[in-house]
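You will see two complexes here that share chain A, one where it goes with chain B and one where it goes with chain C.
And now, the complex of A and B:
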């Protein structure tokens, strides 16, 4: 990075540090912060969408849809995250490849399952075996987002389902009395009011999601915890220009600061959002706001 | 215009495929990247070490284009079997248990002794004490058989840290991995006898992928024949047996 970095072993401390913190490996560490933030930025709205659909399905009038929604919530919430990540992602990947295989290679005569192996024709591989590395990484990242969204979507669905039932019955009865259809009263009365009940639960989920990103490395996506562990481990002079003892404590301390700052920021934002949603609601918070304004 | 674009895209795609076919297929090599001197991440953030050099040379000889991928040790076999990469080259000893799930090429190192490393000046009870080892390794399996209490960790690095902070009495790992640590740290030293386990290190390949296995086995054989493999072993794994 800097011109004086050619022989780090003779550098004074601060220059050594400057060189050390700008190695290619550290750059990958800094980039992984971006990876994690991007993952959160995409996963949160997608899992909220899954949650909303799940909750809608769970309270549908049509019984097959209702069973489907409730089964989704119950099954995904019951399976440990790590098992889900090891099993489900691989199964999902294989399902995609199997579909592509059926379409793209109709005259393939060998079995797809050969013992432990899952073999599809080369054209059906996802991504293609010839694709450059960044496509593989993006695909892995996409799978990670989808899996996170399905897992957290189930929790969110449960929260939203509960919130929908908490909206005072009188509100819905009033809507019916005004002659609104079921659909109208759902979208105009129920949904706008339920967020205030859902938010505390959803904010918990958000906090858990922030801290669940180390699961990413199971999928081959290198996240901040992986790099902190890799960079912090003791290094002998034989394999690096920057030998150092076990520094994992310092790296994890940096992660601690990052996570604390990030959760603090989230809390501030969520608090504002709560203020907003409470406005004009028939809750204690809404009542307090009304009195303060009066 | 649109047709022209699609046509040229199709042409480029088929040309790309033809090029790939002519140049040999792309093979993705999965490694752990945390086990020097076999494989580790260097200062530039790239995979480096004995297996990096070996793998690149093998790919050149087999006329394959190779890409390196790092993966967690715990999920390294499942991800191979499901096709996320095509070969494991991660200091993986050939064992019967693993051979049931995947296939191995012929070995590219001799069976390497494993050794116990402990804090200097201590003489831990290797048969009844607490021994650290990386999870799902031959060393972990060996410790279970000795009557010692096994303490498993996900990465090799953590096993050493466990010895340093007194959580474990000693660590059992490949001697080539422990050697630099013992030489360069005054507070660590080898203890007890070396143990011979495993059948040498090979590349792990899917069982259905016999063609790739043959290619790599042939490349390894040619490196054994002209002595270049021995040169690599002497460079990266000094003290290990050569062919």
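And now, the complex of A and C:
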């Protein structure tokens, strides 16, 4: 990175550190922070969408849909989430391959599960065996996003379902009195009003989502945990220009500080957002704001 | 091999009693049920002990956070912030590697690098922080009248805390504390995925479920078994905590008693 980095073994401490922290692998480590942020940026809206669908299903009039929605919420919330992460990554992968297998190779006659193997025809493999490395990585990341979205969608569905029920009944009755259909009163009255009630739960969920991102490591994505283990391990002079003892503790300390800073920042931003949303609302918070101003 | 034989071999495998080698091929349903159930011993162990010790520290932390003296309040606030603001997964990793470097300083830390102690300490501190925050919230919502009545009866200091404040705090915090207990048991599944080695493949339920899923490449059997065990565990917890809840609320008029509402599962 720097011009003086050619022979690190003779450098003074601070220059050695500067060179060490800007090696190619460290750059990959810094980029992986971006991976985490990218995951958050994609997962948050997608799981909000899943949550919205789940909540809509859970209050549907058609009973099979209602059962489906409620089961989705109940099952995902009742089991350790990490089990879900480990389960969905394989299950989704196999489900996709199985579907493609059914479509692409209709005249395949061997069983798919042969003993301990899961065998589909070569065209149905995901990603294709011939695909370049970046497609494999993107596919893995996509699976991770989908898994996160399914799990967090259930949490979000629960929050939104609760918020929909908190909207004052009188509002809905008024809508009915004006002759709105069920659909109209849902989209025009219920949905715009529920967000204030949903926000505390959703911001809580955001905090949880931030704290769930290290689980990416378990899903096989090269994230910050992967790199912290990789870079921190003891290095001997034979394999690297920058030998050092086991520094994994310090790398994980850095991750700890990163997460603490990130949650603190989110807390401040969400608090501001809540302040703005409660402004003028007929809730305790809104009342307190009005009194403080008066 | 009959199922009874499998149970005899593997029921206590996770604590090192019974057959040494894990099954390698031709996995039967019985083997999966037995081994994953055997792993539950660890989940229950971590959960129970962390919950028990954490309860006392949580009370202390909650009292500390509501103290007026900043020398007591600030450390309690920081303790809660650090453990609630960062992922448990990273805390496990950090603690493991920290203990590992301490081990080279003194052999005293040998035991800390194994899961039974090191992970237990992390879980203990973590649950103490989460429950401490719950108890702190409950402390702040103790009705003024209760404390004033205690003052009027001449209660003060330790007796006032022991007889009035502490029971009321527990009563108010209990529903949230039940949730916390359930999360804690779910969080114990992280232990063997976060650095702490499973010595001689003695792991927890998820460790074995993952073992089977890796070996058979079929997640549709071991993970539902694991889920079944955890649902049973959760139901048992809700039952026990519900009994305590009834005991805590026994002096209230019938309709003021709120049944325990449980909203399980939050990742930390």
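Criterion: the second predicted complex is superposed on the first by the 283 of 294 C-alpha atoms of A that agree within 3 Å, B and C clash if a C-alpha of one lies under 4 Å from a C-alpha of the other, contacts with A are read in each partner's own complex, and residues count from 1 in each chain.
Following the convention adopted for this analysis, a residue touches a chain if its C-beta (ideal position, glycine included) is under 8 Å from a C-beta of that chain, and two chains touch if they have at least 3 such contacts.
Bear in mind that the values here come from a model prediction, so they are computed numbers and not experimental data.
With chain A as the common reference for superposition, the partners chain B and chain C occupy clashing space.
In the superposition on chain A, no contact is made by A:244 with either chain B or chain C. Once the two complexes are laid over each other on the shared chain, residue contacts for A:236 go to chain B alone; chain C is not touched.
By the touch criterion defined above, A:24 reaches chain B but does not reach chain C. Touch criterion not met for A:66: it reaches neither chain B nor chain C. Judged by the touch definition given at the top, the superposed model places A:225 against chain C, while chain B stays out of reach. In the superposed model, A:100 makes contact with neither chain B nor chain C.
When both complexes are aligned on chain A by C-alpha atoms, chain A residues 86, 90, 94, 116-118, 217-218, 229, 246, 248 touch chain B in the first and chain C in the second. On chain A, the positions that touch chain B within their shared complex are 23-25, 27-28, 86, 90, 93-94, 97, 114-120, 125, 129-130, 133, 136, 140, 217-218, 220, 222, 229-230, 233-234, 236-242, 246, 248. Considering their complex, residues 16-17, 20, 25-28, 33-34, 36-37, 40-46, 48-49, 67, 69-72, 74-75, 78-79, 81-84, 86, 101-102, 155, 157, 160-161, 164, 180-181, 184-185, 206-209 of chain B touch chain A.
Chain C contributes residues 25, 81-82, 85-91, 93-94, 97-98, 100-101, 186-187, 189-190, 193, 206, 209-210, 213, 215-220, 223, 226-227, 230-231, 234, 263-268 to its touches with chain A in the complex. Here chain A touches chain C in the complex through residues 75-83, 86-87, 90-91, 94, 113, 116-118, 155, 158, 208, 210-215, 217-218, 225, 228-229, 232, 246, 248-249, 252-253, 255-256, 259-260, 263-264, going by the rule given at the top.
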